[in-house]
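Across the two complexes that follow, chain A remains constant while its partner is chain B and subsequently chain C.
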Partner chain A sequence: MWTYLFQRLLHMIPILIGVSLLTFLLMSLTPGDYYSKLENNPQITKEKLTQLRAKAHLDRPWYVRYGYWMKDALRGDLGYSLEYKIPVSELIVMRLWNTFVLALAALLIAWLVALPLGIWAAVRKDSWVDRGCAMIAFLGLSIPEILLGLMALLFAYASGWFPVSGVESNRYIGVEDWDAARVLNRLHHLTLPALVLAASSLAGIMRQMRSNLLDTLRADYVTAARARGLSEGWVVGKHALRNAINPLLTIFGYSLAGLLSGAFIIENIFSWPGLGRLTLEALTSQDYRLVVATVVMATGLLMVGNFIADLLLAWSDPRIRLRE
Partner chain B sequence: MPPLLEIQDLKLEFGTGSEALRALDGVSLVLEEGQTLCLVGESGCGKSVTALSIAQLLPTPPARYVGGRILVNGHNVLEMDKGSLRRIRGGTVGYIFQEPGASLNPVYRVGEQLIEPLRLHRPAAATEKEMVELLKLVGIPEPELRLRDYPHQLSGGMQQRVMIAMALAAQPKLLIADEPTTALDVTIQAQILELLRDLKHRLGMSILLITHNLGIVGDIADRVAVMYAGQVVEEAPADQLLRRPMHPYTRALMRSVPELGREMGRLEAIAGTVPAVGAFPSGCRFHPRCPVVQPDCSQKAPALIEAEPACHVRCPHWK
Partner chain C sequence: MSESISSTNPSPTRQPRTPWQLFWHRLRQRRIALVGGVILVVLYGTALLAGFVAPHNYDREDRTRFFHPPVRPHFEGLRLVVPRSVPLEIEGKQFAYKLDREDSMPLRFFVTGDEYKLIGLIPARLHFFGTADANYPVHLLGTDQLGRDVFSRLLYGSQISLSIGLVGIALTFTIGMLVGGISGYYGGLVDNGIMRLCELIMSVPGLYLILTLRATFPPDLSSTRVYLLIVVILSFIGWASMARVIRGMTLSLRERQYVLAARALGQSDLRIIIRHILPNTFSYVIVAATLSVPYYILGEVILSYLAVGIQEPQASWGLMLKDAYSNYQHLQQFPWLLAPGAAIFVTVLAFNFLGDGLRDAADTKA
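Moving on to the complex of A and B:
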């Protein structure tokens, strides 16, 4: 068991190296670089530009640049952001909390709503509940996140009930103190982006829950449990549901990755200063060290999430756990 | 005193309206206390549906009972409320199924599942000691250890013994075994049948054994009912039926049973296939495959007649 876990963790290393290598390659294939926008600036001389590029290793081929980056990264130094002029790691940590709060809220909403609805729809198959859930799922899956986000923004603006951007009101800028009013203000700002983010994953989880449960409700051991005289609640709750959650554990593992990698679209629409927005800004300005750091981190989190999903699956299913 | 189980003219359909398919068409059976009744027939003849109906284990819809009664100790299970039904399930009537591996929940230990019928039907006996006794009763070695095993750690034969132990936990009067040996290999089949016969004598319960194998009937059955296309076509004491089958279908079934120690050529198969539910032929449902078919067989649907005392057959040409 422990060797297996160790092997799994070891396998992540080549993947991370591959992803970082690929990111460097792709970044080098895009036209221009971070300093291109300064070329037309009369105050910056050609010599100065050359100097700046040399300092950021942008005058060397991409694989040499990768070598420099790797050398530092192995010592835990991800370098300075060209745009923000502060260490990349500091920048990420600053944004991490915002992203985490948003993603966790969305995750909780999505799972807490989707699981009961999916179970309800399966148990009352073909009833109006089931049809209603199917309608919600249909809307959730077919409306693009970006459209839903813009609609939410329009709603916030038209009704005036919700703020349209940021994590908190401007009056808290530079304020260090925390009180109840500030927490409420933050929650108020969080509501719409979290709901929109939750809506997109809710539909999928709900349908998955429903179809898994319908499958297990047809299983022989469910009939056998009924034949022992168990009540329908016990049959569904103990025997069917326990087997129906296994595929959902995998989905849950994947969604953990989103907790710390950010949501590009929603963070941009709601001007949410999270990692998703940071990554997008870094990409457009070609701030390569920041891009590589965020991409590698997202990859790592996806793998860790996957790994956690496998652990959960082993914990849940003895056939997997006890396999030789 | 009413018989333990009496099924009267049971009619069951799947689906509704013009698409309804009649899976059971007037099935009647009687099983007295302490007796073993074998329900024999090919796949799709309705024998499993009949067995599952006794404790209302078919999901309704799509199944729909359109006529008849199922009396357990004189009470009609088709009209029972949920509470009474749950006392029947596992309490008066215990079930074992075809695939023991699929009938045990893979994520729970044997003990966690075996305790369930005890808690429900005999709360005072819901102890580890009683579970060990039950596993001993069905011949499982080292029962204390097996209680902590997951189903997939047991062999098929052991899994079926666990299912039997679970069915026996509430000391049912009737054990319904739906093809309990089909998924097991031949030596294990014999062991399980031997176990059932032994348990029946020791515990004095009745057994309804569903099988498609006439070969095992002689070992265990008191009476036999042969089903074809949703109807009982012959019903008689086991020795009599095996010695002198009356219905052409029963005769054909018996010719298709291989016998040990008897030199023979190719096994005989019954020509044609079992008609699908909803596509039953007119008149006698067996007439397209019948070797002794008469001109009037496709016209008139034969009734179940008492050919000899306690012997019923659904064929006017049985002599």
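Moving on to the complex of A and C:
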């Protein structure tokens, strides 16, 4: 088991290298570069431009540039962003935190709502609760994320109850201290994007929870537990639920991964300064170091999500854990 | 009682039904799948004949009627009539119109109007309906910020948005099936190399890769080129997961007796893959294709929404949504601008209905 997990970890390295190489290649194929937009600026001389390009290694072929980048990256230095003039790593940490907060909030909402609803729907199969949940799940799965996001945006604007963009109000720009009002302000900004992001995974988890629990409720050991006269709550909670929740652990890891890439659309709709939005900005300004770093980072996150899914599964199921 | 049972039993002489007949029989029992199918036929039909069904051209601007509200033709006696629309000049209130029901003009069918090309080839001027008088406009879904008919743009936009799904699927599945078949059939080094490439593509979160690929081309391409580009980009990413599944199926199919027989007869490898192995994956492929069409439609919507997709003055559902959302105030005042959102929703839903039905019908074990 541990060798398998270790192999999985090792397996990530060539993929990350491959992704960085692919991104470098693609960035080199883009017409022009970061400094192209300065070419028409009369205040900047040709010599200055050549100098700037040389400094960013933009005068060299892409594989040489990749070599320079890799040499620094191996030492943990992702270079300076051409656009923001600060280290790429600083920028990414800042934006990653925002994406992480968004994804985590969506994850919490999705699971905390989906699990109880799924259990409720399974226990009260064919009741109005079950039908209502089926309806919600159907809508959640069939409305595309972008439409849901745009609807939420319109709702926020029309009602005026929620802010339409950003992580916090403008008055906190440049303010260092934190107080309760600021935290509340952030939560207020977080609510709608997180709800929209949670919606689609919520529906899937709920349906999965319901069908798993229905399967285990039909199992022989549940019938046996009932025959022994145990209370229904004990039967469901202790005997059925524990086994029903197992397959969901895989979904947990994958939903984490899905949320991170799903956040891309939501971030751009709600102007949420996360990793997805940063990538789009970097692509628009052709800030190649930033593009490579964000794409590699997003890939890494996706793989870590899948890895966590495997770990959780191994932890919960001895049959998998003991298999070499 | 016994008579009715014996009469419903199939007579022993009846021909056994082919798998396709069984499939069709099971599909017909699923009403919701049929509803989805009918909606799609209507949508694709109107998209094909967009120029004819649409009363105006997609770029026809009425400079006197920006943000005109939807006009509903009403009955006057037995005739459908359209009220006269008079732009009002009111202080402090923009885009106000008076619909004068007293002064109306009959809605006529098969009228001549803007010139267009039917199915992109045949020049024509005939429109399904219209009034042929700009003072009596038939804006079924109102007009946008440039005074263009939203209903007409929706129809022209559906040509792009709907066909992107089909073209994308065709490309993705051709590549996916061929590469998957080759990978599974040959195994070994070829298989290993192809599968690593698939993993690489699949490990990057979709939209990050899509936008990076988009950035490798100039931002201001003509709409035709952007259209092709979107299809190619989405297919470039989509084929990987398809190839993996087909490879898995091929691995078991290549051990079948009829494949061995074909090999013994000396058929070429490519012929065996295409003629004997891939047809056995069709039932899976058709279902998967139907369920993944929305992915392409939404891909166009997202790219156009992020301003790197279809460009003005062409119409696509994503571009129309982007325009609608460029000004929240307008969006609130003129809610008909959200029509493309509804169109996207209905289309995606219809594909999901049909796909689910196809999946159930193709599942012979159930």
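Descriptive notes on the structure:
Following the convention adopted for this analysis, the second predicted complex is superposed on the first by the 286 of 324 C-alpha atoms of A that agree within 3 Å, B and C clash if a C-alpha of one lies under 4 Å from a C-alpha of the other, contacts with A are read in each partner's own complex, and residues count from 1 in each chain.
Here is the rule we use: a residue touches a chain if its C-beta (ideal position, glycine included) is under 8 Å from a C-beta of that chain, and two chains touch if they have at least 3 such contacts.
This is a predicted model, so every value here is computed, not measured.
Shared-chain residue A:81: touches no atom of chain B or chain C. Residue contacts after overlaying the shared chain place A:298 against chain C, while chain B stays out of touching range. Once chain A of one complex is fitted onto chain A of the other, the partner contacts of A:229 are limited to chain B, with no touch recorded for chain C. In the superposed model, A:316 makes contact with chain B only, not with chain C.
Legend: residue contacts after superposition of the two complexes on their common chain; A:243 is shown touching chain B, with no touch to chain C.
Touched residues of chain A were counted for both chain B and chain C, and C has more of them.
Looking at the shared chain after the overlay, A:200 reaches neither chain B nor chain C.
Contacts of A:279 after superposition on the shared chain: chain C is touched, whereas chain B is not.
Common to the chain B and chain C contact sets on chain A is no residue at all. Interface residues of chain A facing chain B in the complex, by the touch rule stated above, are 219-221, 223-231, 239, 242-243, 316-319, 322.
Across the interface of their complex, chain C is touched by residues 15, 18-19, 22-23, 26-27, 29-31, 141-144, 146-147, 150-151, 153-154, 157-158, 164, 257, 260-261, 264-265, 268, 276, 279-280, 283-284, 286, 291, 294-295, 298-299, 301-303 of chain A.
In the complex of the two chains, the chain B residues touching chain A come out as 52, 55, 57, 82, 86-91, 94-95, 97, 99, 102-108, 116-117, 120-121, 150, 152-153, 163, 166, 170.
Those residues of chain C that touch chain A in the complex are listed here as 199-200, 203-209, 211-218, 294, 298, 301-302, 305-306, 321, 325, 328, 331-332, 338, 341, 344-345, 348-349, 352.
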